[in-house]
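The same chain A turns up in both complexes below, where it pairs with chain B and then with chain C.
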Partner chain A sequence: MASVSAPPLRGRSDRADRLREAAIGLAMVAPPIAVLLFLIVLPALQATIFSLGIVPSDNLVFSTGQHLIKSDSPTLAVYSDLLASPFIRDDLWLTIWISLVSVVLVAIVAYVLALYVRFGSGSLPRIVRSLYLVPMFVPVVIASYAAITFYVDRGVLAAILHAVGLPFASPAYKPSGVVITQVWFNIPFAVLMLGSGLDGIEQELIESAHDVGAGFLTVLWRIVLPMNMVPLLIVLTFTFIGVVGSFTIPFLIGPNAPQMMGVAIQAYFSNYNQPQPAVAMAVLLFAICAAAGAVYVWATSRSNKHAVTV
Partner chain B sequence: MGFLWFWDVPEFRRAMGLVLVFALSSFLLLPLLTLLLWAFADEWRYPSVVPQSISLKWWDWVLTNGDVGSAVRYSFITAPVVTLIAAIICLPAAYSFSRFRFPGRRTLFISLLAANAFPKIGLYVAIATLFFRLNLMGTYWGVVLIQLVGTLVAMVWIPAAGFDSVARELEDAARDAGAGPLRVFWSITLPLAMPAIIVAAFLAFIAAFDEAQGTLIVGSPTIVTMPTLMYTLVVNYPEPVGAIFSILLSAPSVILLLIARRFLLAGYLAAGFKGR
Partner chain C sequence: MTVTRRREFLLLACRASLGVGSAALLAACSAPGSPSPAATTAPAAQPTQAAKPAAPTAAPTPAAAQAPTTAPAAKPTGDINLYVGGDVNIRDLWQKQLLPAYKKVKPDVNFTLVFDEHALSEQAVFDKLAAAKQAGAVSGVDLWEATGRLAQGGAAGLIQKVTSKEIANLDKVPKDSVDRFAGFGVPYRASSVILAYNSAEVKDPPRTLEDLINWVKSNDGKFTYNPPDKGGSGGNFTTRVLEAGIPQDQLTFFQTQYDESKEALWENGWQILKDLHPHIFNNGFYPAGNVPVLQTLGKGSISMAPVWSDQSLSYLAQKLLPPEIKLLQIDPPFAGSAAYLGIPSDSKNKEVLYEFLNWLLTPEPQNLIVEQINGYPGLDWKYMPADVQQKYADVAKAYSFEFSPQFNTDRNKQWYEKVAGTPPPA
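Then we have the complex of A and B:
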């Protein structure tokens, strides 16, 4: 649907016209880009420079921090200190591990739901169509709080399972609690994304595959999955970026030690007054997210260049 | 198909559908139902599946609490303004990304993703320094700016896809009939792109309304919105207080859900994230 480059405007497209179009175009995109520069790029650059040991003297938050490494030329000492700490290493692995598990589970659950909504018949898929949107309208603070009250030891789920005589090990304050809440929270975006990709697959194609004897799984594996690859990659990258940098969910329902990086950054900054390690951890997370973002850029540019539909 | 023959038996698939709907509704709704019950509970101890006694006394406490009143007020004077500003600065950009050719078009479009990819807490340290210098700490406009960051991606990407989907033939036909460029935009392009803009505005409002971390750092102690107050309530008060506050905090989103659901399901959100 999205075109690679804007089709030419009407009329002669001589040099002056193109210059004018470029000027107007750039002027119109300038405001949000300015906000981005002012509130993301600039602070991110300052944070990165600070994490390399160059401490601005006019920045009191930075220069009065504990555990400060000061240097005249850029140094990776802050990073090597961080990665030398077994606690931070554990936090980092926990973050990556929780993110990967959450992403895989979100993708599987969302795929099942999207397939069911697209290809199921009767009234049940209609119910699912309303149901899966619910988490989108619940603020993340509340989603986390609801998850705690429900999953906590001696909470409601424990009571329900006790009533039917089943054993229960609470996931609250454990990595599994974070994963469960992340899956809960990320379902709507993932299903909407995958579902719109599935809508583009024509029913006739599926039916003709059925006619030549292909079963459900063959159709899924040979037709649906390959044709819906880009939405899947978008879901994987955006969910990953969201989970890696998350704070509220792991803060409220996650484990204390090791903890996820988002929580660790907050603690180093606010509780331990160590802004430099905090900022360096944020840069590390950004590098990880940028790698995932590269997958998104690669997938979308490739499909928008070659594919007819998407 | 061998041993997986049952996948193609209609009865099996109907039964699987029932199991799926039951599992999904339990997973998605039971935690929320728990909160709903807690909001009316007076006493609720394990192993009782429902509250032992119910009461409305905490509702009185929450609704007459001054902090809560002020948080509700601050939430409702920030989030709508943020949404409006986001629309004013982002919609022309969305139109430009959709219609004009200029250097760096694709790079700038994708660079908006950076607003989502850098862990926010890492930025707030640097932003706080900047805001201190500009006297924006603890001010209304400081909070508005910090909430604006989270709305950019949705407010540019989704309307841009909306503008993409407006057929050029329609605009050309209107122009051939003698309509000027502004007239074409107001009576053809904008109305046809409106559903995508509504979805974007709706997501921007939710993002601004739910923003807690940045508002906490930039706004406190003067400006405390509902989500920032929620952190305090969850830690310091008994369950019913957090539960009641959760209901109040979710109400605007739920109302918007009922209005915008139709548009959400129409694929405008997904179209926005498909890049260009």
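Then we have the complex of A and C:
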């Protein structure tokens, strides 16, 4: 970065240059590290310690909570209490279930859209290409309310189906309502990601496969899917992390109980004034997300080794 | 842009968003428990204004102490800084009705209204008063409308205690509501939770809690309330039912103090609510707030619900609820609460304020409150004009009081576990 300033010199000044370069590099990386450290790492560490039963007396938000578990040495009592509660276990299962279903549906819908846009001909794919981007520009609160208006009892869809004479069971305020809205909201990113991967597959490769008699499904299974594996993994992990930690959509469209973790954390923290279990749930959620993050890291490092795909 | 470059760009964007995303995730995970070192205030602290550097417990920095003195407080007597929070209807009440009306009575008293939508910075005003006191400065707040923070501030010596000696009309206010804040505030308006029902479908509405519970059980899907943490109407309904199991002489304890072991007395009430669950609207669905309940009622999906008096009366006036919806207070009554105005101890305009508050507790301004926001008067109903008493005959009754904050939060959690957490029957 810094070496563009002067033509390279020899000997001692060469070394000084390298030192200067290193210093500049460190200086440039310092602000983000500081932000990361003070706004994220330290508070997260503090929260984790709090969830282990060590209550800081100088932090009123923590120490004024109700039903605190206080201990001098780290204890897992908060976690074992949490996991012993059938209520929380329901929340946890609902969160994982909604996330997995959403991820699978997003992957299927987005893949179909991406294939259509990549391989379809005529003007329709071009229209689809701009349509699938729409959810990206709709704020999530608006999208959630729109979904409620559309799907709720006596809502738009109910009215249409009633006019045609079809029965209707509203998905609003049920887990299925959350899944539908999550899928809708996550499609643009997934299609963009998968589409860019598909664009990278050489047309000649597919044509030569066709020449030796491979049908559409064979091409899809033997060439397109394997070559587009990394973008798919990225879509899966990103969607999973996004849905697991989501708040607005389940808060607005979700059932009263069980709740997704994001909603439950907020409720414990402010509505029940129990910051300790709230923080412990956040740590659990983070552990789940970290596992998904590991998959992402593995996928991208693999893609860097074999620069075939993205 | 070539395909390759677009791919690279996307990959880059992807990586960047992972960075941002995981950072946000971590922040989100840790945010609840991780205030920056300066912000060690109470949980409700969400100052919308610039954060005050000094919390009540922290030693005030010189900057904090100076900030208030630069506020208009230093102006001569007769200029009042009024801090009010609430919805826009409350702002309009002050800006368009109460203050202009007082201007006609006392033209030389000037009010500056500092309005805080939804009272999000109640904590910030509290911090300001606390910081000013510690620094020995003047806060610049002359009159403050607040909830629990007034009593808390009073206990900390930040709020002036008032009696009928200073404000003669305080004698005409129900004694219970004055005592509620130990005299650290003037209750100038109120509202309570009442029962709304659709008179086209319900000819003979229940008038006692027991009748109401029986009605819900025999009319499947026609009743709902919001989860207790999502709004006072459902919250006070829950409280009313829980109180069924609490001996009369222990009610005050639940309203003013806290002892977790006493929550065993709630079991009776939880059982009643659990029994109601299968009879609730939409197989046990509780809309997420006061307004969603009103909307469900307005759409005709249900025919009965607990609602706030002021909200439902305003909805009726705006035709957001059909005219068939009628309101009544049951026996024993649902809880309600008053809005209080407190005078910070450091105000230099106390005499002017006593006079103003005394005026505020006269029928004319009280009537403005009734007309404009459909609130209850702060005055006892018997001091109101006969036509107002007549109009509110069904709802203008004494209300009960809510649980203390700690009991309320425990109630919220247990409701989810014991009532909503029950899987609906297949």
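Rule of thumb we're sticking to: the second predicted complex is superposed on the first by the 286 of 310 C-alpha atoms of A that agree within 3 Å, B and C clash if a C-alpha of one lies under 4 Å from a C-alpha of the other, contacts with A are read in each partner's own complex, and residues count from 1 in each chain.
We take it that a contact is a pair of C-beta atoms (placed from the backbone, for glycine too) under 8 Å apart; a residue touches a chain by one contact, two chains touch by 3 or more.
The structure displayed is predicted, hence computed values, not measured ones.
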item: Touching partner for A:P258 - first (chain B), second (chain C), both, neither; value: second
item: Which of chain B and chain C A:F87 touches, first, second, both or neither; value: second
item: More chain A residues in contact - chain B or chain C; value: B
item: Contacts of A:G293 with chain B and chain C, given as first, second, both or neither; value: both
item: Contacts of A:T64 with chain B and chain C, given as first, second, both or neither; value: second
item: Partner chain(s) touched by A:Q274 [first = chain B, second = chain C, both, neither]; value: second
item: Partner chain in contact with A:P250 - chain B first, chain C second, else both or neither; value: neither
item: First (chain B), second (chain C), both or neither touched by A:G177; value: neither
item: Touching partner for A:L217 - first (chain B), second (chain C), both, neither; value: first
item: Which superposed partner A:A44 touches (first chain B, second chain C, both, neither); value: both
item: On chain A, positions contacted by chain B and by chain C; value: 36, 39-44, 46-47, 50, 59-62, 154, 192-193, 196-197, 199, 234, 238, 241-242, 245, 252, 265-266, 269, 275, 278-279, 282-283, 285-286, 289, 293, 296, 300, 310
item: Chain A residues within the chain B interface of the complex; value: 1-7, 9-10, 18, 21-26, 28-33, 35-36, 39-44, 46-47, 50, 59-62, 112-113, 116, 120, 122, 124-125, 127-143, 145-147, 149-151, 154-160, 162-163, 184, 187, 189, 192-193, 195-197, 199, 215-218, 230-231, 234, 238, 241-242, 244-245, 247-248, 252, 261-262, 265-266, 269, 275, 278-279, 281-283, 285-286, 289-290, 292-293, 296-297, 300-301, 303-304, 310
item: Chain C-touching residues of chain A, taken from the complex the two chains share; value: 36, 38-44, 46-47, 50-51, 58-62, 64-67, 85-87, 90, 153-154, 173, 192-193, 196-197, 199-200, 234, 238, 241-242, 245, 251-252, 255-259, 265-275, 278-279, 282-283, 285-286, 289, 293, 296, 300, 310
item: Touching residues (chain side chain C, partner chain A) in the complex; value: 3-4, 6-7, 10-11, 14-15, 17-18, 21-23, 25-36, 40-44, 55, 57, 227, 229, 260, 282, 284-286, 288, 299, 301, 405-406, 409-410, 412-413, 416-417, 420-421
item: Residue numbers on chain B that touch chain A, as the complex places them; value: 1, 4-5, 7-8, 13-14, 17-18, 20-21, 24-25, 27-32, 34-35, 37-38, 46-49, 89-90, 92-93, 95-106, 108, 110-123, 125-130, 132, 145-146, 148-149, 152, 155-156, 161, 164-165, 168, 172, 175, 206, 209-210, 212-213, 227, 230-231, 234, 239, 242-243, 246, 249-250, 253-254, 256-257, 261, 264-265, 267, 269-271, 273-276
